[in-house]
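Two complexes come next, and they have one chain in common, subunit A, joined by subunit B in the first and subunit C in the second.
This part shows the complex of A and B:
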């Protein structure tokens, strides 16, 4: 049985159940697990944003960290220089990232398949090098490779600063749920169907009168808007933002792999990918801290290869079918009795 | 001699090294039609093989390559024949650029790079070989470069000519060309498609191992070199036209020239940004590359 994005109804119960469990668990867990769950939600949200264009329209971008970086940098810079609250900076950054995404993608969407992927990598390298080597852009300080360390002033909700990890968790969780909802609505709308048509054959889609570039650009704009908010969250949560991580090709690949492993082009795929991969890699890298620095990313690579081999549509459909079988076992009898 | 001419010479030498790294990728793309994202990781793996041989047995990479390159041929052949073949067969409907193979090689790249990071840590290593320590001097000492770079420049043409000769002048090459033009028609004519793919993949990785010998003796060896050169070699191959061997040389020379000549006027990091920008502009204006032929579906 295949689990398609538009058939969320079949798994709706599980989606709600999973979300409620995810929302409740950190209330009873220690700081360590709260930290991991924050990362789960953060990566899931970023992967949802990536999936919005790359999963649905099939344009493999490996440069999405650029938009995350721009969102994070803009909100951080206007916070540190002008004292504007990151809540406002987040929206400003997202708007800029969205415009930039459209400007960059308009020419590069003409490229197909791996050519588009390569162009996205070139953009990440270009902007990453630029940010690491620029101390200031006119009157705006960028701070080059050293990045920005945000000052800590305590618990200020207005300034996106909290003393408890739980607050950050619920912000990331809310972002994730909003992302999920937006993706779900998109997958059931005209845009979603257009994107799936474009993914399967863009020439055929064009011949049916779908304005391929227009709908891809709309999806790209929404995707950039969403992922740049993840950048602001990153800066505020870690209290640091620097080009090594946030403008890196590695982060782009990591986000893409989470969505691909979970199941690209499905509503739940990115979340399933994040729930499986993030705790595993965090626990492993904590266990071997300092000795084997590549272990968690090595794991991503190996899991990716296995998924390509054995589960071409991602983990998602397997998880869902296992859960549905479990449902059948547990509730099937009761349901049948109720029918009789 | 004035600085610009010297910079041009340095650019050509560096471009030769870039071309040497990119030419194998070009062959693999031209024949198998997949972009091998693990190219950089394999380059790094070969560099560590030379590192081990040099530190343990004191074998110069330029001699060791006569062992390592055939070994990499076998690795590439098996990778294609055993691992990638099932994925290609599964996607036989789409002849051009199968995505699951691309995703597989991205995963492979990540796995290899981080495996080496786990084993060797991120510390940089240098191979203090003869060609690393000694410098070639010309024009009254105004042009000075490591011998290893000069050898890389010469090797680039040797390897490119070798590959061109195999593909265009031999019986095997005839099969390789047939498969690259139309897989199904070649299969109907009795060509063993997947063995031919394997040979092409092996040739590409063997060329890469030769590049690794040059790179490990003029550059640093660390798990991150794969990323540095891997990304650039994609750009170079696309710039010159995917699948075109002369294109890979032209693309590499352009990259080398931009980096060295522009570095005379702007900071060198900005110069490498410029090369990415040039790549983007060429890609958008002429997606088939400078020397690429338009491929019809």
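This part shows the complex of A and C:
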């Protein structure tokens, strides 16, 4: 749905309705569903950040969790050693992740297609191994493979610690809505047009005066900033951060898949992907946790294959076009009635 | 009239192959200049050097009296030079209008203004299709026109058209000739590569014939048509007869 002029949000009514429903549901649901919805928003936000550069400019990164790890580790380390609020640590981490993203991407953006992807995997593996095997970096403790368990101090909003899941949900939800808004503004601006042009054909883009590296780096910086905040959220929500999960290829792929299945390079894609995939994976793993463990991954894989086969551009397009049609029907009828 | 492009002893070698050899030429502002010659004569290579897609092995190229021999591709648009590609390269995921808008963002950042301007550009080149259509699914002529419109959106002083009429039927060629004239009348100099001799003879103010990487003949269409070397190397003996019929 990226093609039609200013109409990415033409199904606005239902988009807002869906967001409002998502915001209200946890108020009435049990802890189990609240937990799932926190994950939906968290993954949606991470996928939005990934989509910002990888979806729009088509630079397929499978190592984006590196920047999540940087954000999570920095906020956690300065919280645990200096007692600095994670709200501040979050911004510090994001700034570092942004700089690191630009430094790493400047040389790797020269690599095309699969070679860029390979380099991104190499970086996540490299950093993961480094963190796992480093107890401290000079005066800074890293704690190696065991990771950090965050100390519990109770319900303190200033310290990004809450006793109810609901609070975490609304933080993740707010992040997601902000991410959505930023992506929407970007897609309607010069940067958005330039990134899609670069994705389609970078020679043609250059001939129109687009400095390909510059615009990709700008998008990368914003993307790293955003995804790093997801890392801080992760650490605060689970009260634990370790290299095996966050500096992993698995998490990177998971985030990328959500955006890809939902529809890469679209505003709504990552959210739609998360709404479908996260509950699916949670429910499947709960269902087959006891007897046939592993079957959940098998079924998850089957669903993915079906989506890729039947909807190569992702779910998003279809969902959005159905919503738009529904909206036209309903509001068209109301308008006609008003005229009569 | 002033000279907009000046080429001095331009040579390009790919390994052992000399694609363009010691080419000298001047393009006057406000004219339509044709580059013709058999396949492999070096027309597109010369084009790519002016657009700084390749850099010459030796020689100098000046654009508006500025040495651009070693400039970057992406800086050319800002200097006022735009090009189209022989094999059209539309941004397939975008609409026709959005394709043109990408060019327009070079000078304006407000999306609304860029859109308005893009609509005018589309009108100038005579795009007849739905502007909201996906660029990948338009017809060949519309893709060619889109290439021109997108290039024009960067507000160039000079536009390089690489075989824009290839693959079009006679009617469509007439439309494109008309488009080229309109573009020239709006103040843009044109260099065009074309195989259809009749079209190029009627359209151009000046013609260069390239042959095996070298400049064979240059001159007005009449001069070129009457040149023995041009006739034997490229235009063919039938050309005179065809003209006289």
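Worth a mention:
Assume the second predicted complex is superposed on the first by the 308 of 340 C-alpha atoms of A that agree within 3 Å, B and C clash if a C-alpha of one lies under 4 Å from a C-alpha of the other, contacts with A are read in each partner's own complex, and residues count from 1 in each chain.
One rule holds for everything that comes next: contacts are C-beta pairs under 8 Å (C-beta built on N, C-alpha and C of every residue); 3 or more make two chains touch, one makes a residue touch a chain.
Keep in mind the model is a prediction, meaning the values are calculated, not measured.
In the superposed model, A:210 makes contact with subunit C only, not with subunit B. Within the superposed three-chain model, A:188 lies in touch with subunit C and out of touch with subunit B [touch as defined at top]. Set against each other, subunit B and subunit C differ in how many residues of subunit A they touch, and the higher count belongs to B.
Looking at the shared chain after the overlay, A:265 reaches subunit C, while subunit B stays out of its contact range. Of the two partner chains, neither subunit B nor subunit C is touched by A:227.
Within the superposed three-chain model, A:196 lies in touch with subunit C and out of touch with subunit B [touch as defined at top].
By the touch criterion stated above, A:57 is placed in contact with neither subunit B nor subunit C. On subunit A, the surface touched by subunit B in one complex and the surface touched by subunit C in the other have no residue in common. Within the complex, the subunit B residues that touch subunit A are 35, 86-87, 90, 96-97, 99-100, 102-104, 106-118, 121-122, 223, 227, 231, 234-235, 238, 267, 269-270, 272-273, 276-277, 279-280, 283-284, 287. Residues 2-5, 188-190, 193-194, 196-197, 199-201, 203-212, 265 of subunit A are the ones that touch subunit C when the two sit in their complex.
Residues of subunit C that touch subunit A in their complex: 51, 53, 73-78, 82-83, 85, 89-95, 97-98, 101-103, 105-106, 109, 111, 114-115, 132, 134, 150-151, 153-154. The touching residues of subunit A, when paired with subunit B in their complex, are 58, 60, 62, 107-108, 110-111, 113-115, 117-119, 121-123, 125-126, 129-130, 132-133, 249, 253, 257, 260, 292-295, 297-298, 300-305, 307-309, 312.
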